[in-house]
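Okay, so chain A shows up in both of these, paired with chain B first and chain C after.
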Partner chain A sequence: MRRCRTCGPSSCNADSVTAASNILERRDRRRGWVMVTPALGFAALFFVAPLVTMAVVSTWTKVGAATVRAWDLSNYAAFFARPHFVEALVNSLQITAIVTVVSVLLAYPFAWILAMRVPARWQRLAILLAILPFWTSYVVRSYAWLLVLSRGGVVNTALMGLGLIDAPLEMSATRFATVTGFVHFFVMLLTLTIYASLKQLPPNYARAAADLGAGPVRTFWHVVLPLTLPGVMVGAFLTFVLCIGDYVTPQILGGNNELVLPQVIMLQLGRRSDLPMAGALSIMLMAVVTLAYLLCARWLRDRPA
Partner chain B sequence: MTIRLAATTALALAALPAAAAEELNALLWCDHADPDFLAPFEEANDVRVNVKEYEGTGAALAILEQSQPGDWDVISIDGIDVPRAHAAGILAPLDRANLPLDAMPEAVRLMEQQEIDGELYGVTDKYGFNTISFDASRVDAAALQDMTALWSGDLGARMAVYDYYLPIIGMVALGVGIDTADISMENLPRIREALFALKDEAEQVGEVVSSQTALATGEVDVLVGGGEWITAGLSADIPTLDWIIPEQGGVFWSISMGIVAGTERPELAQAFVDYTMSPEGQAALATAECFWAMPANPAAGALLSDQEKQALRWDDQEAYLARSQLYPAPDAELDAALQDLWTEFLQR
Partner chain C sequence: MRRVASLAGIVYAAAIYGFVFLPVAVLVTFSFQSGRLPVPPFDGPSLRWYGEVLADRDLMAALANSALVAVGSSAVAVVLGFLAAHALARHRLPGAAWQRALLVAPLTVSTLIVGLGLLMLAGELGISKGLLLVGVGHVVLNMPLCFAVIFAGMTEAQRSAERAARDLGAAEVAVLRLVTAPMLAPPILAAFFLSVTFSWDEFIVAFLLSRFDVTLPVEIWSLLRSGLTPETNAIGSIVFLVSIGLVVLLELTVFRRVGRT
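So, the complex of A and B:
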């Protein structure tokens, strides 16, 4: 055993242990940084740098065919000055809100049936069937809905064949068509997130509630639903983010009868090659998404455990 | 086992298409991306044509603005926008040695736009008219003779509008008595009023595929901004589809082929332009899958069937050209105003 020259054995041992612990801690920290560096580099290169670039470009202005690379907030001022830009944001928020609410209302019972009523051996097959729409191209699916909802489409033909309507309903090229296309996609996404929450719920909770005299409805309302709400919120947030940023579905199914913000952004890019204005509109869209995230995160943080 | 693996690998490799010696990067309208049009050129020159489809000059300019010199070799662009593209330094001069310029109708050549300072920067390869397509089984052609019927509210037909601001604003201008060349900030309010009235009557506004689908499926009876480029390709299946140039006239459109400045393959790019203008290239382009329209080189007629020429209304072109006006060619300020107007139109 080595003798310590400047101190007694006990204090020397304590110092050695502390020093060794510090070395290990530093090594762990260094190893941790080495491990996360690729991810940080990836995020910096493909997320932070493009975002900063977009924010900088949004402060430039397009004058005629030339881009003036000087700090100017006129694009942001133009957003509030032009009613059709604000209308596009309002349309985006309205459509996204409707899609999110309708998707949650449809997905929850679907996920509940999958998790609670479908026998375990059939659940994988049921989930596979549930995600079948994801296998089709998004664009093709939207055009398919256009044909289904058209005047001579399946829905109108069936309703008229059954004698329920005399004339075809106006469904394609409307907000209804856009919402339908979105809901078809997002119900499946939400079903998966809610299903995962329901499967994580220990069955004992429902049994305990029943032992205490709660009926099925009360058990669901006071036990199952509150405990699966975080999963619902995460799914709803994903729906919100993907829906508000989508361009394809409103473009194909909406018939250009009302514009959402991504369509207006595309008009700046595709027709005007106005990158600064497109950047400013994208920052506005991102601000809305960030606000939604903060609200969602706050709700998840503040709700009772 | 090893032999079987080697044989399988050899067969798999043999099944792969042979790699082309060169590549040509092309920024094209959808009809120019038709494999039937591109394949003969690719085979003859042992080249692979990489296509990026776009719609509208603004989109092309945005793509080029984000590209490096040499990224693109050839471009198909609205004939009327050749001067704008030249001013932006996008186009390189063409070699006219193999181009059938003398054979092309004068109104189609658009030399005033394509020739700048004695150099040729674009050559018209396809043309047609933005006017009114309709289903004759549901709408009487006589009701469409007066263009103002489109926004008067008396037509009683379901309408779609082609989603491209220049031809539609040009048509509406003609309808209210303004020549496309005279559109200005001063007379824009008159156009705006009629344009918004048109939107109130329309069921939808869509790009090429949506517009064709709407008319073909009976979703709408009339397509404002349509023409032979919408109906010709569908006429074999739906013979009741027709088009008309109303009393006030129609808007003449043309697509030009050009070489992108800074290309690293100028000879190959020129060869592609020459092929595009050859009778074979022109015939394939005229009947391209995305949309049919008249080839600029009349020599293509020898390679088209009578039925195809009938669908294109081959023999009536001179009369149509006489009754049409060029796309509006606004300056930057007016163009911004027209685009704002179009965004309002869509949002209405």
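So, the complex of A and C:
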């Protein structure tokens, strides 16, 4: 039974109860709006409005030093017409695909060892240690790999010291360096997400499979792996999004031999200050990420439970 | 057979640990180099380059700017995220699902695009680039995380406590300040520290939106142009130490408390 505060339980009739609860509900809603509006306003002003601006600017064109502010899709036409733009997209997709696959393949067994083989009381320390280098600055991390892979760097010195090679290998300013830098970061990220999904798996499942006569390999293949696959997929999607949009790692480690899409976007800002083209390229980048998201969401939905 | 498998497991785990720590070990080791090049042979240890870093005015100014932007933008992001989380968890609002979607949407867009969009908007409106704009960009990037972390930390037990406080005559602001916020201290602190570490480290938005006053990652970026130098190793090691310090602080203050309760 609802009681209304203004008139007290004795004199209250149904109508005034409804009226009072309506007032309360309206007041509750008003308070909610007051609290959510600053955040929504901020997001609208500094996230949505910039994206809309970018979409509009991408339809303008830069002619010489002047910007023609008229609706025109020539930037998008240029994207498909000029081979170096398409090449950058292809490079981005190839590097991202390699990085995602290699990182998952390296991180999964590692996360499995941490979750299943390391004694429970050491696990927290083990996982904290495994992601410790995560906290190095993002620019500095790529620089550190540059040191490791440079001509006179640690890897070349060690390989030459062991007599495995005679002359230093050229590893910096290559795709190999870019991929190594990315894989380093995403192995840590994926170890964390895969470890979390392995820990969520009730231990009874593996025991039940063993009781039913499955060996460790079959248990893993038919029970553990399928049940952790959605977690892997989420981690892989995160890897894809962060990797394809990154400028720093390919710029520092890959150099200018082969450009990826974010590097080409940044080039538009530098030389000619061609904001419209940079906008159009960014929209293309967003389109690729959205497409990946849709494919990923669809896979997660259509999977037999 | 079992022993071989577990030996292989140990070797594999050791190899991954080695791979993950290799660049950090090299970075820190050669920050103590005494020569001009941070590559083998190691000729230290020397604190020469740490001295250079501390004497470098630009780096120290950038360090202060970074701290300012990180703390300021995180505070704003936490307050906005907290209010929004409370509104959407405790009040019935129309279109709540859409509001939540809008609030977390920046997580799905690459930071380069967020920064570029802000650059274009600021250009059209005639707003000049600078630390304030960098801070705004960092709030955009951090607010989704703050909102999600605090929203996930809200429980039904807290709702009853808030109701009790209201029935005892507390005004709405007092309820938030004296009941809700203290009960949500662990997720609020976690959101704040995560935002600080993220903002402190963020490069691309800061690079696009700053002009003369730059943040530390941007200053380090311009240091890289002069090639490999142990000075970059030294500043990189300092940044790493600060981040680790924040993480340890977070672990000791927030997660210990969560573990105990």
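Definition applied: the second predicted complex is superposed on the first by the 260 of 305 C-alpha atoms of A that agree within 3 Å, B and C clash if a C-alpha of one lies under 4 Å from a C-alpha of the other, contacts with A are read in each partner's own complex, and residues count from 1 in each chain.
Rule of thumb we're sticking to: contacts are C-beta pairs under 8 Å (C-beta built on N, C-alpha and C of every residue); 3 or more make two chains touch, one makes a residue touch a chain.
This is a predicted model, so every value here is computed, not measured.
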More chain A residues in contact - chain B or chain C: C
Contacts of A:L51 with chain B and chain C, given as first, second, both or neither: second
Contacts of A:G152 with chain B and chain C, given as first, second, both or neither: both
Touching partner for A:R271 - first (chain B), second (chain C), both, neither: first
First (chain B), second (chain C), both or neither touched by A:Y247: second
Contacts of A:G279 with chain B and chain C, given as first, second, both or neither: second
First (chain B), second (chain C), both or neither touched by A:A209: neither
Common interface residues of chain A - those touching chain B in one complex and chain C in the other: 143, 146-147, 150, 152, 252, 269, 275
Of all residues in chain C, those that touch chain A in their complex: 6, 9, 12-13, 16-17, 19-24, 26-27, 30, 37-40, 80-81, 83-84, 86-88, 90-93, 99, 102-103, 105-106, 108-114, 116-121, 123-124, 136-137, 139-140, 143, 147, 172, 197, 201-204, 208, 216-217, 220-221, 224, 228, 232-233, 235-236, 239-240, 243-244, 247, 251
Residue ranges of chain A touching chain B (in the complex, touch as defined): 64-65, 82, 84, 87-88, 143, 146-147, 150-152, 170, 172-173, 252, 255-259, 263-264, 267, 269-273, 275
Chain C-touching residues of chain A, taken from the complex the two chains share: 25, 28-29, 31-36, 38-40, 42-44, 46-51, 53-54, 57, 106, 109-110, 113-114, 117, 128-130, 132-133, 135-141, 143-148, 150, 152-154, 157, 184, 187-188, 191, 241-242, 244-248, 252, 262, 265-266, 269, 275, 278-279, 282, 285-286, 289, 293
Parts of chain B lying in touch with chain A, wherever the complex brings them together: 54-56, 58-59, 61-62, 65, 84, 87-88, 163, 165, 203-206, 210, 213-214, 217-219, 332-333, 336, 339-340, 342-344, 346-347
